[in-house]
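In the two complexes that follow, subunit A is the common piece, with subunit B as its partner first and subunit C second.
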Partner chain A sequence: MAGIRADVEASPGTVFKDVINAPVLSVKDMSVSIKTDNGIVRAVRGVSFSLSQGKTLAIVGESGSGKTMTCKGIIGLLPPGGVIDNGTVTLCGLDVTRAHEKTMRQVRGFNVSMIFQDPLTSLNPTTPIGRQIEEMMVLHRPDMNESARKARVFEMLDLVGISNPAERIRQYPHQFSGGMRQRVMIAIALTLSPKLLIADEPTTALDVTIQAQILELMNDIQRKTNTAIVIITHNLGVVASVADHVAVMYGGRIIEEGGVENIFYSRKHPYTQGLLDSVPKINRAKERLFSIPGSPPDLVNPPEGCPFAARCGSRMRVCGSYVPPIMEFGGGHSAACWLYDKRATAPPSAVSATPMLS
Partner chain B sequence: MAGALLEVNGLSRYFTVGKRKTLKAVDGVSMRIYRGETLGLVGESGCGKSTLGRTVIGLYEPTAGTVRFDGMPVSPKRGSSLALRMQMIFQDPYTSLNPRMKISDILAEGIDNHRLVRSKAERSKRIAELLESVGLSEEHANRYPHEFSGGQRQRICIARALSVRPDFIIADEPISSLDVSIQAQVINLMRDLQDEMGLTYLFIAHDMSVVRCISNRIGVMYLGSLVELAESEALFAKPTHPYTQALLSAIPIPDPSEERGRHRIMLSGAVRSPIDMPPGCRFASRCQARTKLCDEREPELRELAPGHFCACHQSNCI
Partner chain C sequence: MTAYVSRRLAYMMVTLFAIVTLTFCLMKILPGTPFDEERFMSLGPARQAALMRQYGLDQPVHSQFLRYLGNLFRGDLGTSYFYPDRPVLDVLRSRIGPSALIGSQAILMGLAVGMSMGIVAAWRHNGSMDYITMVVAVLGVSVPNFVVAALLQYYVGLRWGILPVAFWKSWAHSVLPSVALMFSPLASSARFVRTETLDVLSQDYIQTARSKGMSERRMLVRHALRNALLPVVTILGPMIANLLTGSLAIEKIFSVPGIGSLFVESIQNNDYPVIMGLTIFFSAFYILCILLVDISYTLIDPRIRLSKGSEGD
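Coming up: the complex of A and B.
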């Protein structure tokens, strides 16, 4: 597979300016708002993170925490009424927020690709899958002739582990199983060897045994092609098996960020704590689960201060009125929580010591 | 355990697809559910676990086999007398509540139909009780479903199931459309209600770790039949069927170092279609321990250790 990358970098139409060691993706203070019938939803409220080549960032959070909108903002596919109203997104050296739609079309495909939760609705039911994979090259690589494109389609099917390609390319999506369809989606997304792959809940619609295969495949492809991956998921088991870095989102903000070990073994934010504790453990018997009381905030009228304050067991007076600053704990681990401020009255150890049973 | 509340014997439910093809959604399932226990039913999508639940409660007429509830046969025709004792909770709390009905009317529908209360005052008292028992309050009674979040709606669905004071509840993926932190609330609620009211549950889910934390016994389904049935502890300690083994090893554990050092059984081969299935073991196409016998004869569910049942030719004892 080593040949693929060189081949694309040399090709015309490539938009990225390759800077050695620069992060593939860097997001600074991005905010996204979406106009809806019920008012303006502040879906993302100032998130910053960066990702280098060959690494996987997992964005975790509940539904409505802003994780999908963060990613749609990055690739410029916000829904109607959605705008990035603050911040910058630098993708392979290009500021995406200021790029023209025409440039963005080039960026999507060459520099970044996205795969979605439900592979059945993202594939065209009336087109054979071979042509759907080829379409990427027809649109973006006018220099490739038909036989080169066919060869690439075969190569991609081989990469994602679909056997018998000569027959498979003539088949339609309904002739594939859920796991096979997701493999096709991954093949389409990686055809042009993008630097960054965004996977939005790629395994949620799949069965566990198939999920294991797809996660293994994503790890394997990353080793072969050195693609940076952003994976959005709510399954902490999936996070543990694929991620290098983790960003935990809540109420449109990143409330904790760090290496996967930091998040699982020395988490700082009470929400991260609660989230990890409320997951049923496969290796533990019938037991009462820890649960976070209440429900997530309404982002049409986001609360002042910390978004988690209303559900937090370690809440202090300051939490309801001022947004907590980002506290650094070294090694890229940070959390936005007032408990770690020097002036805090409650000791941070209280975070793990007080279970809040509903 | 005080004897079987529900007895399922050789239950099958087939559907006709196309002109002459048969889809065997449930094919010869036999099991017992004991009073006061939770039986978890796991399996991948399309394995027939929901169909089994719906046939057990009498929403579908069985193609073959019988279901006896407390000694009485269950069938769609005699639904009403058993409706008071068996209830169901569905997966999606958004589509299983009528958007035009007030919460109070949703909760009282069963009460009104079966004339379980004598006066209006008694009716509203009962509604208040139900709301309180699931962690909501009396003032929610006059609202409509759209005013509630997913977790709250699932609480309402649970309250509705409880309204006729049933003994047995079938919960079909009750938490899979909810967020993690809300899932825990609903599971805890279901367990508290079980302790208070002595309920018996058939808990259907695809998530093994969720099933484990609520079930006394677990049944694993594959393409319409039960391949393994055991006490939760025994199933996790000694999974015996090759499918159960693969399923358990595939579940991602929320612990990075454990996850890295783990050996996974990767299944290869395609899942068989439940339409016009060939003879032999259903799992044979993906099984590593497959022999000639597996292609010829379908294995029966055998008791390998006390209470531990497994349908595999290759596993003899535990």
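Coming up: the complex of A and C.
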């Protein structure tokens, strides 16, 4: 491992500082905006977090909360019209926001790689999977010859639990099941032992039993390789089984952040409460499944103040006008909510996501 | 694969038989006989009847047809009436060269330029190259090639005197007809490749490719192009068949002694054996092109299997 990192440090155009104790990823006050036909979408509005080696951060939130754009900003693959317009992203010591595209290409795949939601469509249908794995080494490890590359492909297939690799490498994606294709994606992503793996809803498109296997595999690989993982999901079951740390996003902001226990057992933000209430419970009598009324804010004209204010059951007058400050609760647990301000009138025990009828 | 190809070749024989029968009937409905043209007038009715007898044209149509089929199975296409004593195969062979040369030059140039334009247009979607490509595509499809041919003759040939205006004497004579023919394949391939590449570029595996850290060029060539190619290959079959077998208007305008002009002459002259020979050649070539397209699918897209048992897994 150390050897691999050493040769990238020597390669031109890439500058990496010593990263022994520094976090693998550190995001400070990042904002992302995307120019569209309907105006400028403020997809991410001042997000900060950091992640160290071997840890898993889950970013949770509903569609359009900015979680995917946060990750695409990190690896510099924002859609056309998208830019990071504020803040810094430091990845293995490299400031992504200021790095040249050529440098970013060397970082992508080598220091950070990404797996996507739908394994059925994220592999090239006309290329054998062996070559798709090998391509990582063709791109980033010119020092490896063909037999070394092939050995590594076999090793990776073995790692992700695909048997009979000699035959499998010549097959095409359509000859694999969904779960197997996601294993191939994981193999591709981890071929060069990246410091950081970003998984964008890696299990959403898979059926439930396969989901568990894939999560188990990711946990397992993390133990072996000490890779840091950012996992994007809206499935709280996934969060519980893989994450160390959770960031809840809403309207382009992180509204609550903390350890898994904090989020599940002592959540502070009414939105987090609403999310947890919307999880179907198997031991409850037949009743309508809870859902948070209303819809997420329009990020072309983001609301002033707390983005959740319009849907919040504990809304106070201040919420609609001022962005709530981040309140610390100790142990890395924090939430951006006015309820925890000393001056708040409603007692925090009354946290509820259901709007009061007025 | 072999089974598939031989089955397709058998179907081809059936199709050809139908085409031969139909053409033979239609040809017999054409007014006149091969020997009632002005230049045969001096022969007088008795000599004309003798000629008709000599070629078996006095027999009932069905026995003429059976005789033709019999000869065809022996590989004998007959001799031309218009060029006496020249076997049809000979006549065809002497005229195919110019058509094939013009056609293949037009296809190669048209595809090379058209496909590159299409890819760049899709990659720089809504950029200036995209608009240029669309304008060229619309013009190429809507402006008839004989208009382009006339413009080329006037400006390049006459006014600027860069290239010969017409006739068939050297390779330079083939340039203008090829360019005139090129615009149609150029336009349609540019449009198809653009649409397909746009579609492919929005696919998830392109994002995967980018996340691997490859350059845009490698992404386009290795991952986008091949997937965008399949629908283009579909239009390629008929396109090649049409162009290689000659374009009537272009050959006429540039006085190219090609197979297209031969076809027109043979119909005007009621030269039955040549009409039949050309029809068989055109149809066989067309069907073969389509078969080749189907086979090339499997080379481009592994998901497509030609044999009936689909997945090779």
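The criterion applied here is as follows: the second predicted complex is superposed on the first by the 332 of 358 C-alpha atoms of A that agree within 3 Å, B and C clash if a C-alpha of one lies under 4 Å from a C-alpha of the other, contacts with A are read in each partner's own complex, and residues count from 1 in each chain.
The rule is simple: a contact is a pair of C-beta atoms (placed from the backbone, for glycine too) under 8 Å apart; a residue touches a chain by one contact, two chains touch by 3 or more.
Not measured: the values here are computed from a predicted model.
Once subunit A is used to superpose the two complexes, subunit B occupies space next to subunit C without a clash.
Put simply, if you stand at the Cα centre of subunit A and look at the Cα centres of subunit B and subunit C, the angle between them is 70 degrees to the nearest 10. In the superposition on chain A, A:Ser147 contacts neither subunit B nor subunit C.
By the touch criterion stated above, A:Ser291 is placed in contact with subunit B alone, subunit C being left untouched.
Touch criterion met: A:Thr126 reaches subunit C, while subunit B stays clear of it. Using the contact criterion defined above for the overlaid structures, shared-chain residue A:Met185 touches subunit C, although it does not reach subunit B. The wider contact with subunit A, measured as residues touched, comes from B rather than the other of subunit B and subunit C.
Of the two partner chains, subunit B is the only one touched by A:Ser177; subunit C is not. When both complexes are overlaid on chain A, the residue A:Arg105 reaches subunit C alone and has no touch with subunit B.
Superposition on chain A places subunit B within reach of subunit C only down to 6 Å, the least C-alpha distance between them. Subunit A residues in contact with subunit B (one complex) as well as with subunit C (other complex) do not exist.
Listed in rising order, the residues of subunit A touching subunit C in the complex are 75, 77, 104-110, 113-114, 116-118, 121-128, 135-136, 139-140, 171-172, 174-175, 185, 188. On the subunit B side of its complex with subunit A, the touching residues are 44-45, 135, 149, 151-152, 179-185, 187-188, 191, 206-210, 212-216, 232-233, 236, 246-259, 264, 266-267, 270-271.
Across the complex, subunit A meets subunit B through its residues 62-63, 177-178, 207-213, 215-216, 234-241, 243, 260-261, 264, 274-276, 278-293, 295-296, 357-358. Contacts from subunit C toward subunit A in the complex involve residues 203-205, 207-215, 218, 222-223, 226-227, 300-303, 311-313.
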